[in-house]
Structures are given as structure tokens and as C-alpha cells.
């Protein structure tokens, strides 16, 4: 039980300082550690570098940290769903480092797995490769990318046990598992906090070793960024919902 | 005349094969899922971490934990599996996806693709586009043949060289526009080839609206 | 159902040829695709390069392919549990490339994930680094290792569905999930073949995209390499079983 | 006099701390698990893909799917999780394991370690040893102070430089032998220091049996 904390403020106590790097799980608003983000905002720490695929929307998720100007730099793949972000970015108040989504995911995975650098085809010949080492392997061109390791990772899971073992739900998994491995300290918020042994050990996504502190949260009504539906009488074929590629 | 968005999607669907794993981009590519032939098994990948994407949910059944890469609510199928974004892009970069269908701002005759930023405009980021074009075995672009500018003029989108920042180099295999279909020999020196005309479209019209060089081998 | 084959011979039909590279899942005798190995043996293909952490024991698992001298080279981390292996190796009939176990696992994972090369601390300053590029990142020394991609991977899972989705059981998971991603064709043998939807999609370890062919096997009595037990009246503390590091 | 294997294991167990994740090698290191203090939470990692290793099974309850890195049948605990070997070594190489306790053939005064091969003898491979010593935060070696040769002579194992092929360079933090305990400043220039003597062992005996240079700072 030594990993279980009462709430988000307690779970982040002693871990926050100005100018630190924080990884924040989630894709869009799906699987974001909303209560932990709120606690970071309440702490008032500034100059943060945030590693997150997206930057939330106005007033929700990381959008909150932008409103209070606590973020100095974002390392992301797709942003600008909120006006405050665009305002700060265009005004030069906020730095952004764009990473292809897969490169971002792999950099985080590498950081957590003791891989300081790796090669990928992604971005060769584009702005993303500028200033980076490139190299041929077996006649194909690749770019060298570096691992990422943060001071703190905050993640959201569906179920967690008091040992820190985590299980995610559906596409709310996204960046959370890699981020949990890639920081000096990882704090998890979970919708269901259970006892060790209650999660089938073959189905644990994040072993407890990666999670230093854990809290139970009541997520209430989770936010949906783009509510898309079909009518009851719609005979859309089974595979009819499109994917999205920005 | 030319093809409608739906007709372009239907043409793109002809690139599907039974057993394919496919990633569809936003816009017209999304419509392709409506044209998967009955009885053909095509599993759609969503790069945020899902294989086997189902249709949009019925009203009232939206699940905030189940979204596609466009952040839209979707549903699962019996074939569905979920995985992390790292595993998802391992799948993409590792060449396991058979086909990616996506939109574009510009395509060059050598297969270069630009579809993520316009200098001087707010840049939102490339998301997964660079990984998809670099990693997926076959990349099909579906786009309008020309760009319509604010002043009413038109600009070619099929070019000798892209002037917008690239998403990938030597990545596009096939381009489907409202006017016709082009193949591109992206890794070789075979260049670009016009292989189909849309209904009622002439070779002359295409020539007038295409800056890039191409051969004509109509099927 | 187009992925389901009747038996191991049918599942490997058309896939085998001399001098090919085959990845073979399992750690020791745990989680090895035994029936598929038997079918490779029966096919008579020769000159194989086998990527497998271990090389089986006499008459079991890959030990069978050694007996029939179908293996030209092993890429492994720990071998020699069987006499036939030692005989061929010392006699110069069998080539072996030793990889540190984690480097082997990561090379396979990289091969499947489109990463042609990566850097690791493991083996720096040792025989393993000889002839390889080394390099400093942030003051630490690393060795560059290459991704591995095979012609064929054969894996064993506990449960699989007709779409090729797989779930492994306990430590029988080991090398199977990475190998399933790192070959032109992957063939899986499963103890329980079920319909799509019967495996909870949050708990699928290998998505079906990686598995081209699948068979149901009756493993009967699985072999145990080292049977270690305690007496009923033994008051050994909970964490008393040792790990092993070769 | 000197310490027995059990006493060496008990001494090594003093390096454990509450909440530690630990990887134990074969031989004496395995015995360390018998000396985990009551009430202390120590989770054992098995590098084939398991965290939270339990004791050997009762007779008749062996499960072929549940083995440790020594390929012995074991059991699970309520805290157990399973993962792939790639994830397991990501955990190891990424520095997430607090402590590794393992055996050795030779240790040099700069922290170099040799424990995987003897030239001229059948080489079985390094298994996970190179990853463990490179990746785990703190590496403790437990070994006999000297090697007993077939001809009855003894050879030093704590050396100026290892002459056997290395498992890792600058990796060992602490060496526990049957004669005493040494610290090694593996990344700095502090060298090797004798900090404890086994019961009834003299500094002179250790000096006679140690080739490597060391300071003495007995606690």
C-alpha cells in the first residue's frame, strides 16, 4: 500500500519544480490523466516542457496549463485544437517541437528501455530530418532519433492495483504505457483501484515496477472531443468508420 | 464532369484486396470504407492503437475511451485488438499495413508528398502522416486535381517538384484525382503515368491542369 | 477462416526452402512451437539459420533439427544444453552467433518495427562489441546493433482466434510476440483456437495482422526442463525461488 | 573460518531495501531470497518475462508455462505480472531494476566483470548477464574469494585486470566473498575498498589472496 496516495495533490507532492520535463499520457482527450494535470496547474510550477501527443482543448486537459502559461515548450505531433495554444505559439510565447507521431511514441519507448538512439525511415528528406544524422542501411535512407526520458510521467489507466500494476481500456491506452516507463517518477491515476492479484497477470499492460505512486480518481463524465454517431436505422457496413490521419 | 468525392472513394476502393490491413486518412479516404465489397475482409487500422475499426456508434452509445485517429467516437468489431501507440507505429513503420489511403496538398512526379504544412499558416503538426507514408507498403493519394485559390485561380497539385514542406520523399504509388488516375514508380525511374480518365474528362483537360511530367498508358 | 490450416505440415506448405532464416519462439522448452518444429524437420529443408534464444535439448524442440543436421547457424543467447549441439559446434559443423539475451530480444523487436539499428549499453567493451560501431551519448558508451527480420517465424500461443489474434500464457510468452512481428510470414500454433471476439481485445498480445497462418495443436504433456519443487511442509518465504542468470 | 555460502547470501541480503525490484543470478545469489527480512517488500524479476517470482511449486503443481530464467519451475504471487522478453530487457536496460546479485569468475578493481566464458572450453553463451550488468542500477557480485584449480593451486579472482573475456566494463559496485566485502567506485577513480572482514578472517589473509589493489576502510 506504500504506493497509494490520497489524491492528486498528495501524489505529486515533492515531485514538481519549475522547468522540469513532464510526460503526459493520452491521445486527444482520450486517456488523459486529467486530475493529475489539474494538480500540476494548482501547484503553479512554471517553464514546463511537456511531452504529449496533443495539447488538449481550451479549458480541458493540457489546455488548462496553457491558460496559466505554465508551459514553455511542447514536444508533440499534432496541436492547435485550442485558441489559447495558437495565440501563445504565434506570439512566440510557447516553443513547440513537432515529432511524427510514431517517432514520438518510439522515442518515449526507447527512453524507457535504455535505448539512447535509433534509426527510422520516418521523416527522411523532410524538415523533421534537418540537423539530424541520416544514414543508409541496406540501400534505404534513415534518420537517427534520440530516446526521451522525463523527470515525471503522469498517466491514466482504467484499473490499477496497489502494487502499481496497470491495465488500460480500449484506445485510452495510446501513449500511457510507454510514458509510464520513461520518467524518473511515474504517477498513475486509475478509475478502479484494486488489490494485488485482482488483475489477471497475463493482462497487465504496465508492470508495477514502473509506477511509483497511484491514486484512484472518479472521472465522472469523460469528455469527448468529436462526437460522431450513426442513426439507428443506418445500414452502414461494419468497417465504415474512417480513420484519421493528420 | 469529373468524378465526385464518392466516385473517387469508390475508385480508391478498387485498390483493396481480401485480407488487407488498411489505414485511411481523414476526408475522402474515410469514405472508402463505404465501398468495401461485400464478403471481402478488410481490417482498418487506427494509428492511435486499434486494429479492426467498426462504424460510428449509435447515438447514446459513444464511449470516450474508443476513438479513432481523427478523435471521432467509433465502435469495435469481433476482430478488434487494442495496443499502445508505440506498437501501433511499430506495425506501420515495420511495413505490416498493406495500404494507406490519404489526402494531399501536393504530389510530385517522383512520388514526393506534401500534406502537413503551409509556410506562413498556423502549423498543427504532422500527426502520424510521416510514419504512414514512410512505412506502409503501398500509398494511395486521393485528392482534387487542382487547388482552388482564394482569388479564384487554380494551382496544379501534381507537380515536377513539391514546393510545400514534404511529408515524405518517394512515397506515393498511386494518385486518384477527380480527373483521373496516375501511377508513380516511386523507387525507380519510371516516373508518373496516367492510366485512367474520369468519366467525360479528356487528356487535354488533364494536361492543362498538370504541371508534373507523365506518360499516358490508358487502360 | 482463411488463416486456419489443418495441421503443421499444411500450415508450412510452400513456405520452406533451404538456407532460409527462421525465428523460433520459446525460452528453454517453455512456449516453443513444437509441432511446427517437427514439421520443419519432416520437410527436410537444410542449411537453416535459426534465431532462437536456446537450442532445445537432445530430441526435443530445436534439438530435433540439430540431430538431422538441418541447421547451419544459430543466433542465440544461451545454448549447449544438449550433447548433439556441443558435438556439432566443437566439430565446426554448426556456426553460432551469440547475442546477449536482451540485445537479441531488442533486435527482433526492432526488425519487426521498422528500426534497422539501435544503440545499447549492453556488451560495450566486450567481445560482443568487436567489429561493431560504438558511440557516446551523454557521456555513456553504447554499441550499435542491427534489427533482425526473418523469412519465417514460428510461434506458440495459448489462445488464438481465426483472425490470428494471439494470447500467450505466463512465461511461455517470452520471445514469441516479437518474433511474430519480425518475419515475412508468421505461423502460429495455439492450444485453443477460438472465434473472433472470444479473446478480450484489451488482452490480445499479438494482433492478427502479424499472423498469416494458424493451427490448433494438442500439446499433450508439455516438457519441463528443470523440475524444481518444494515439500508440502516447507515454510519457504514467498519470494524464495531464485532467478537464473547465465 | 570464512563465511559459508549461506552467510554470504545473508550478507548480500543486507543490500536489499523495502520496495526494491531485484534480479538474482544462479547459485549463491538464489539463496539471497531466503534472507529477505520479514515485512520487507522485495519483488524478484526473472528476465525471461516475469516480475514477482514466487517459490518453487509444491510437488505435482509444476506448470511447464511458468519457469524462471534458470528454466526451473516456479510459482506466481498476487503481485505477479508477465511480459515479453523484449519488455523484460527494456526494464533491465532502462535502469528500472534496483539491484542485481550475481556470481562471477573474475572481478577487476575498476569494476570489470567476467562471468560468461573460458577460452578453450565449450561456450554456452552469455544469456542475460551482459544486459543485467549494463542496465541494472546497482550490481553486487557474490563469489568465492579465490578459484580452486584442478592441480590444487588457487588463483586470485579479485584482479587488477580480468584476463577472461568480459561480461561488462565498470559495472560492479560491491563484491561479497567468503572472506570479506569490497566496494568499487565503478564510474569514478576511487578504486576498490575493503570494508568488511568475514568472521575470523584477517587483513593479511585477504591481502595474500587478492591480486587487485584496494584501500582498507573497515566499518
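In order of appearance the chains are A, B, C and D, and numbering begins at 1 in each one.
As a convention for this text, a residue touches a chain if its C-beta (ideal position, glycine included) is under 8 Å from a C-beta of that chain, and two chains touch if they have at least 3 such contacts.
Please read these numbers as outputs of a predicted model, since none were measured by experiment.
**Q** A-D versus C-D: which interface comes out with more C-beta contact pairs?
**A** C-D
**Q** Whole-Å distance, chain B centre to chain D centre, using C-alpha means?
**A** 55
**Q** Please tell me the distance, in whole Å, between the geometric centres of chain B and chain C computed from their C-alpha atoms.
**A** That gives a centre separation of 37 Å.
**Q** Distance-wise, how many Å sit between the C-alpha centres of chain C and chain D, to the nearest whole number?
**A** A distance of 27 Å separates the two centres.
**Q** In chain A, what residues contact two or more other chains?
**A** Where chain A meets two or more other chains at a single residue, that happens at 106, 109, 113-115, 120-121, 168-170, 173, 201-202.
**Q** Show the residues in chain D shared as contacts by 2 or more other chains, in ascending order.
**A** 43, 45, 76-77, 82-83, 89-90, 92-93, 135
**Q** For this structure, enumerate the chain pairs that meet the touch criterion.
**A** Once each pair is checked, the touching ones are A-B, A-C, A-D, B-C, C-D.
**Q** Provide the residue numbers of chain C that touch chain A in the complex, in ascending order.
**A** So the residues of chain C in touch with chain A come to 106, 110, 113-121, 137-138, 140, 142, 146, 167-170, 173, 200-203.
**Q** In the complex of these two chains, what residues of chain A are touching chain B?
**A** 27-31, 53, 76-80, 86, 89-90, 98, 100-103, 105-106, 108-109, 120-128, 158, 168-178, 205, 222-232, 234, 236-246
**Q** Which residues, counting only chain C, touch chain B once they are in their complex?
**A** For chain C paired with chain B, touching residues are 2, 109, 111-115, 161, 163, 165, 181-182, 195-197, 201-202, 204, 207-210.
**Q** Touching chain C in the complex: which residues of chain D?
**A** Residues 23-26, 29-34, 36, 42-50, 53-77, 82-86, 88-90, 92-93, 100, 102, 112, 116, 122-132, 134-135, 165-170 of chain D touch chain C in their complex.
**Q** Spell out the residues on chain D that touch chain A in their complex, using ranges where they run on.
**A** Going through chain D, the ones touching chain A are 18-19, 21, 41, 43, 45, 51-52, 76-83, 89-97, 135.
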